[in-house]
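Chain naming follows the written order as A, B, C, D and E, and within any one chain the residues start at number 1.
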Amino acid sequence: MGSWQIIQQSLPLFEKGFVLTLWLSFVGIIGSIIVGLICSLLKYFQVPVLGRLAAIYVEISRNTPLLVQLFFLYYAFPVFGFKLNAEMCGIVGLIFLGGSYMSEGFNGGFDGVSKTQVETGKAIGLSRLQLARYVVFPQGFTLSVPALAANIIFLIKETSIFTVIAIPELTNTALDLIGMYYRSNEYLFMLVIGYAIILIPLSIILTILEKRVRYGTFGN
Amino acid sequence: MAKEVIKVANLEKYYQKRHVLHEINFSIHEGEVVTLLGPSGSGKSTLIRCLNGLEPYQKGDVIFNGEKVVPTEKNWQQIRQKIGMVFQSYDLFPNLTVLENILLGPVKVQHQSREEAKVNAERLLAQVGLQDYENVYPRQLSGGQKQRIAIVRALALKPELMLFDEVTASLDPEMVRGVLNIISNLAQDSNMTMIVVTHEMNFAQQIADRVLFLEDGHILEQTKGDQFFKQPQTDRAKAFLESMDF
Amino acid sequence: MAHSGINVLFEGRNLIRLFGGLWTTIEIAAVALILGLILGVILGVLRTFQNRLLRVILRLYLEFFRIIPTVVLLFLFYYILPKQMGLNLLANEVATLVFALWTAAEMSDIVRGALISVPQHQRESGMAIGLSRWQLYRYVLIPQAVSLELPATINLVTRVIKTTSLLMLISVMDVINVGQQVVEANNQKYPTGVFWVYGIIFVMYFAIDYPLSWWAKRMDKKRLERANG
Amino acid sequence: LSGCGSSSKSSSSASSTNKGQSTMQQIKKRGTIRIAVFGDLPPYGWVNKQGQRVGYDLTLARQIAKDLKVKPKFVQVNANNRVDALNSNKVDLVLANFTVTPERKQVVDFASPYMKVSVGVVSPKTKPITKASQLQGKNLIVTKGTTAENYFTSKQPNVKLLKFDSKTQQFNALKNNRGAALADDNSYLYAWVKNQPKYTVGIKSIGPKQYIAPAVKKGNKSLLNYTNKEIKTLTDKGFFKKDYNSQLKPYFGKEVTPQDIIIK
Amino acid sequence: MAKEVIKVANLEKYYQKRHVLHEINFSIHEGEVVTLLGPSGSGKSTLIRCLNGLEPYQKGDVIFNGEKVVPTEKNWQQIRQKIGMVFQSYDLFPNLTVLENILLGPVKVQHQSREEAKVNAERLLAQVGLQDYENVYPRQLSGGQKQRIAIVRALALKPELMLFDEVTASLDPEMVRGVLNIISNLAQDSNMTMIVVTHEMNFAQQIADRVLFLEDGHILEQTKGDQFFKQPQTDRAKAFLESMDF
């Protein structure tokens, strides 16, 4: 059978995997941003106990591989009666990992707001909260856009690791087909194309966005 | 005699181990213009930053309007509304328009009505010749314009005391004059109480009622303005004045 | 019950084998990093040159490695290289190659970023005293870029080390693969063994990466402080 | 898609297999034979706690190497990369519980079989699965690239498959109740349930009887011929019986007899 | 008459569409000191950057020592060894010590022997009063010290022409004098040929043999130094001079 036929025949499966990859990435990224933001706020406002916990979480999450995190969630936790289905494991794992990356991104932005801006805010009598609301956050968010953009791409790529917990996303689909029909050239080709379709446009959009934001920020 | 706006008593300041202000004592009365002079690193910026609580100090007191300031962040936040401060770097908030920059303090901090505050802001903008720029973002302004807006922003809070820290130091020479003129007017026409750190000796001479000369964190002399420039009391101040004109 | 599970680690040579697997992981990561970082610096420098074609090619190289997930890269190289190009490498070599090329791509971007963020003045001052292009890079730009980029480089290193966890997918006997063997071989005796085996792997990765991240963070903080005051 | 596998005539793979293979001569010259084995499949191919590769396949592998007077070099594979390990010339021989199927025959060359097998289904005793129809709409755990996966994909499309990369992962998933049952070659399901009293092989055999055989790269005639001869000699010598008794018997329950497994 | 060190003929410079230098013509003879004056944005920096090839120009020629410069990067690299340049930002290389900063050019570019170059460097360091700092890194120096080192670094190549672009603009006022003194000495004692961009009018007046007054990329006037400050020829220059002293 020709390559083209192989590709055509496997298209519906790849489509499913593609949609699943997109969906898991989407949920995971939104979740990561929320978790990351919460951690950053806890840190920024130096909330007593929670702030420390958030810091510990960030270090654990950032310094261990997603694969091992997933193995834990999927294979090890059920031993103690805590069981999530595969897709939930994937999402939870991605958020667990992404939350710390996003949090670092936000922190970088907040820290990047210049000291003089903060002092100027204080000098006109802004309270801590007002300072955050009118000065640090608006500027910090724009400063953190590049880091967030990089994280989004990173997290989408990380979904490929979901293959180890039997989620039929793109990579899993390809590896599975290879195992059954041995047409690795064709299936790997499809796989690369699948990721390229998601990531190339996204990367271009994010670059444009980043430029726009940067232009808007600097120049004072 | 006019009332004492601010008084500093036995102030001592350390950066970690480093002792940068020694036994600072002075007071300023309403309407008085004091210029702080001294070589680089002598502690001028540090001193005026202590006056509105941007720097903590380790000993001594700041007495504002006759009341000793209990130095908590909360108290300082209250007092800062009555003390305007302008820095060397024109620190407008880049994310806000000129008008929003100006109104932020009056509306959000002092809870003035927006309309009222806006009327006042526009009056001040007109005074510095920038009435047409209210809806512009800071990046669209020149350095001199930004610095004038920064002054307006501080004035919009109707402060009782203004602190200026080398406000022309990062301006192009041709822009310096416009900004200094505005401060002169403020001193002469509006009778604003103020402390001015500057390296522009001509300007200092012109506006100073009194000069505080600082070196190594000590106040070396406190002299009437005209007298200081004609005949400073200390040799150090004399040397300093000489070095300032080529 | 959980307490008995931990003994799975001390059965036979299990623990030693896990460390052996970790060593494989470290070896691959180390060789890949050394090759990748060196290549990355060279490519990064080339990317600051004006030559259009060169820049486009290097950019494509970067984007390819950046867009394709590492798992996919591993499979691509593992399956396709030998068949299409007759280049047959052992799994460990494939892994090293992939990681080195990927590291080089990411590193080239870091180096380029650092080089162009060395202030323009520095470049001009160098030119003003008559330095040639090569001398400018050698004495002025690269030394300064290196200190600018160090935290980012360390972070890249931690990422590469973490990503070596994917090696198990192409039959490299890394720590995770060994872990699976241990889990399987001791399944009946230690039903909770899976928790402990993955647990120690988790700790191993953390123990390697955390100090590195900490170092990077500290340097970043120092640099920020220097920049602010 | 389901028809694709069985009818596939894999021309591209076949044509590309002629280059890059190790003939008998080369293997002898090299002094090692590279053999693909499983690492997590007791009692066929696995690693014991001393770190030694053992199992039914491994004993065979060592015997072949010994008879060839070369050293064996083991490459651990998962089910779904056994074919590619051969095709990309990573190994010379696959001895990893490789079931002979028509599709696989088109991409690799199988030597004479050394073991019988068919697909079985294991499930918890509390909710036993005894008929394929019980699986309709439920999750069934398989490993990618196994005959079990192939059988259910093509013959039982209504069964939802959860597909894993390795045996470790699939058995863990079953124990975590991630599926109603697990399908794999029945012989090692027997071995597995022996130590897992809560589970039972509810479907002992489903689909056609199949054979397990060594595989070489397509077109590697010299090694294929040698292996065929070797299997015959070993069978005649009763090697597989011995192998069975030492490696498999301890793991199997009473349900299994040597006749179920080895070929006379 | 002394030989012509540099001559600029009909130079035109664009930044993309923007025409920033128009028909620039002038020449400078050995030992002459020319100051470039003009408002911010008039093109002073651009002009002197064209003179050592840091900026490409679109028309006209630079003639150095009687030879027209063919503007390739290679040629400029040769010529830059004979033209010292010092910028506003004290651009010492932060990764090298003071001595290494100074020796880089002589040793690596001009292939002088290290010993010889070092002797010369130490002599120059002594001249600017910084003989004790050779093994120090730039970050340990004050702005004024850095700028003096930057001048030494340029002089170490024994240039035939020195270009100074607002070298005191980012210095603390008290440090300005030291740096300007060094340039004055260079002009008077060493008879160095140089082009100086500055905003320090007193200084300009003191050293300028000739003033080029630039506005909007045009040379509005070229006048003898003493004459320019007493009675500039154009109204624009007059207004400019007035704006410069407060």
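Brief remarks on what is shown
Just so we're on the same page, contacts are C-beta pairs under 8 Å (C-beta built on N, C-alpha and C of every residue); 3 or more make two chains touch, one makes a residue touch a chain.
None of the values given here were measured: they were computed from a predicted structure.
Path length between chain B and chain D in the chain contact graph, taken as the least number of steps between touching chains: 2.
Chains joined by the most contact pairs: A-C. Among the remaining chains, D is positioned farthest from chain E, on the basis of C-alpha centroids. Compared with chain B, the chain whose C-alpha mean position is the greatest distance off is D.
For the pair chain C and chain D, the distance between C-alpha centroids works out to 35 Å. With centres defined as mean CA coordinates, chain E is found 47 Å away from chain C. Centre-to-centre, using mean CA coordinates, chain D is 81 Å away from chain E. Taking the mean of the C-alpha atoms as each chain's centre, chain A and chain E sit 52 Å apart. Annotation for chain C: residues 79, 83, 169, 191, 194 touch two or more other chains. In chain E, no residue touches two or more other chains. Residue positions 75, 79, 163-164, 175, 178, 184-185 of chain A each touch two or more of the other chains.
Taken together, the chains touch in the following pairs: A-B, A-C, A-D, B-E, C-D, C-E. In the complex of the two chains, the chain C residues touching chain A come out as 2, 63, 66-72, 75-76, 79-80, 83-84, 158, 162-166, 168-169, 176, 191-192, 194-195, 198-199, 201-202, 205-206, 209-210, 213, 224, 228. If you check the complex, the residues on chain A that touch chain D are 1-3, 6, 9-10, 12-13, 74-75, 78-79, 83, 85-86, 163-166, 168, 172, 175-176, 178-185.
Residues 39-40, 172-177, 180, 199-200, 202-203, 206, 240, 243-246 of chain E are the ones touching chain B in the complex.
Every residue of chain B that touches chain A in the complex is listed here, in rising order: 52-54, 73, 76-78, 80-81, 83-85, 87, 89-96, 104-105, 108-110, 138-139, 146, 150, 153-154, 157. On the side of chain D, the complex with chain C involves touching residues 16, 19-20, 39-42, 46-51, 75-78, 81, 84-85, 87-90, 165-169, 171-172, 175, 195-196.
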